[in-house]
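So that you can tell them apart, the chains are marked A, B, C and D in the order they are listed, and the count of residues begins at 1 in each.
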Amino acid sequence: MSTLIDILLLSLMGITALAAVRMKSLFGAVMLTGIFSLLSALWFLILDAVDVSFTEAAVGAGISTVLMLGTLSLTKSEEKTSNHSQIIPLFVVFVTGGVLIYGTLDMPDFADPLAPIHTHVAPHYIEKSGAEIGVPNIVTSVLASYRGFDTLGEVTVIFTAGVGVLLLLGIGRRREDGDE
Amino acid sequence: MMFFVTVIALFPAMFLALGRAIVGPTLYDRVLAVNSFGTFTVLMIAVLGFMTDQTDFVDIALTYALINFIGTIAVLKFFVVGDFGYEEQRDQ
Amino acid sequence: MINFLSWVLLLSGCFCVLISAIGLIRMPDLFTRMHAAGVGDTLGAILVIAGLMLQAGPTLLLAKLVLIMFFLLFTGPTACHALAKAALAGGEKPLLDDNNQ
Amino acid sequence: MPPLSAIVKPTTTNHQGILTISTGPTSDNRWLHAISLALTMAVIWFLLSGHTEPLILGLGAASILSITWLALRMDLIDREGHPIHLTFRAPMFWVWLGWEIVKSNLQVMKIILYPKLPISPRMFRVPVSQKTDIGRVLYANSITLTPGTISLRVNEHDIEVHALTQAGEDGLKDGKMDRLVTNVEGEQ
């Protein structure tokens, strides 16, 4: 029954992706990627990855669309037709895709209850994290407590990157000069 | 069963809205289509949550409703403030 | 009984959403399309969410559904108005009937 | 309890159409708005989380207090930002508006389904009788909420409306919605 939903959703995603690639107006392509990330968030929901879908909604549909538009306002909004040969890129894409598919062959089946990830630490987190940490959301307790130092490092990296970008763009300096 | 039928019945609408987003012709048509598509997605998430008995989904539908709005406003703000070359935008 | 009502609400909501999408395709220009999109954003959303509310029963879930409905009803027209204003500012001319302008 | 309009001092609109709040003795009313904002947020927080553990409740309370403090600091709390005075008059209007939404939706749906698409789009202006920005916003939003009419541009005296049919234009021009919104706004 839910196979029908999967098929419909995936075909929507396929149409969106193809249309985004074929579209000449870059603005239209940005709008289509917005739709695509809405759809992929729906898809994550169907796969039960609620937190990923949440992130996809906020980052994919929200921020990245705005960032792309910001980029477009600085550049041209029409795609330039390329006169390169398209055979080599196609070859690269196919080889990469083939390698990736080959890589998935070794992975445990989807939703296999005997897969290592479901037999080692996951049951512990699911059963004990409420009592050990006291945070209702398991993902939050993993991110903020079990691997808190890792998250701290990540946040530091992102913060540094943000500060670097701000320094490069010189946003702070302009305000000092008062010519904003 | 009820929710399954609803989800399936929402799909044609999403296909049509996607069609409008692809055809255009103006960028505002696309924004309108994306906005409608977002509303349909919100409804579909809520119904999907009921279908699979995971009512957490409703929280996500709520967030989506807000993100959809903020995204639309942000995009339109860019149109009015930033320069996108309005004449060049038409596809055909 | 409640199930039957839910069925009716959900199906009529889907019908509204579908018609709104058809209108999105059929209407001749941006501004008339916005009217069509309004059908799905208002009545379609209200009916579908009302159908879900009947299934939720008196729980926190109901409150969340009410919140979703309110957000949709408050943000919908604002987004629509912003779109119309941006389109007019961007030089978009609405298609008007000849014999009354 | 005195009527709310007696507690809340009326606002004035200056010649540029920017809403200004009369300062001075209105600081009580600012606190009233801050408290109502915090209460609203607390209700929404509880509805969304549904948790009652002390730790989580404390975190929620802390975030609500800090947001209220920020809003006070940023001077976001005023009549416009959190219009409690509307809350008490609105329900009847909403019922009426809901019925209007259903009616106009059915009309637009009928139009969409007609094979010949009998539309005659038109633009016109309707006068507004609301005194405050928020009243005009309420009116413009109500116009847009009923499909078949969209408010395009709003200024102090009128709203530019795009309507799908003659019937939509007539329905708006009889001024019933305008009267009801002004009544909800209750500003005299």
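As a working rule, a residue touches a chain if its C-beta (ideal position, glycine included) is under 8 Å from a C-beta of that chain, and two chains touch if they have at least 3 such contacts.
Because the structure is predicted, anything quoted here is derived from the model rather than measured.
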Checklist entry - Which chain, with its centre taken as the mean C-alpha position, is closest to the global C-alpha centre? => result B
Checklist entry - What is the chain whose Cα centroid lies farthest from the Cα centroid of subunit C? => result A
Item to check | Interface with more contacting C-beta pairs, comparing A-D to B-C | outcome: B-C
Item to check | Centroid distance [mean C-alpha coordinates] between subunit D and subunit A, Å | outcome: 36
Checklist entry - Counting in whole Å, what is the centre-to-centre distance of subunit B and subunit C, each centre being its mean C-alpha position? => result 11
Next on the checklist: From the mean C-alpha coordinate of subunit A to that of subunit C, what's the distance rounded to whole Å?
Outcome noted: 29
Checklist outcome for this item: subunit B to subunit D, mean C-alpha position gap in Å, rounds to 24
Checklist entry - For subunit D, which residues are shared contacts with two or more other chains? => result 48
Checklist entry - Which residues of subunit B are in contact with two or more other chains? => result 14-15, 31, 33, 59, 62, 68
Next on the checklist: What's the contact topology between the chains, one of line, ring, star, complete, other?
Outcome noted: ring
Checklist entry - Touching pairs of chains, which are they? => result A-B, A-D, B-C, C-D
Checklist entry - Hey, which residues of subunit A end up touching subunit B in the complex? => result 1-2, 4-5, 8-9, 12, 15-16, 19, 23-25, 27-28, 31-32, 34-35, 38-39, 41-42, 45-46, 48, 50, 53-54, 57-58, 61-62, 65-66, 69-70, 72-73, 76-78
Next on the checklist: Touching residues of subunit C toward subunit D in the complex: what are they?
Outcome noted: 16, 19-20, 22-23, 26-29, 31-32, 34-36, 38-39, 42-43, 46, 60, 63-64, 67, 73-74, 76-78, 80-81, 84-85, 88, 94-97, 100-101
Checklist entry - Which residues of subunit A touch subunit D in their complex? => result 134, 136
Item to check | subunit B - residues contacting subunit A, complex | outcome: 4, 7-8, 11, 14-15, 18, 21-22, 24, 27, 30-31, 33-34, 37-38, 41, 44-45, 48, 54, 56-57, 60, 63-64, 67-68, 70-71, 74-75, 78, 82-85, 88-89, 91
Item to check | Contact set on subunit D toward subunit C in their complex | outcome: 44, 47-48, 50, 98, 101-102, 105, 108-109, 112-113, 117, 119-123, 140-142, 144-153, 162, 164
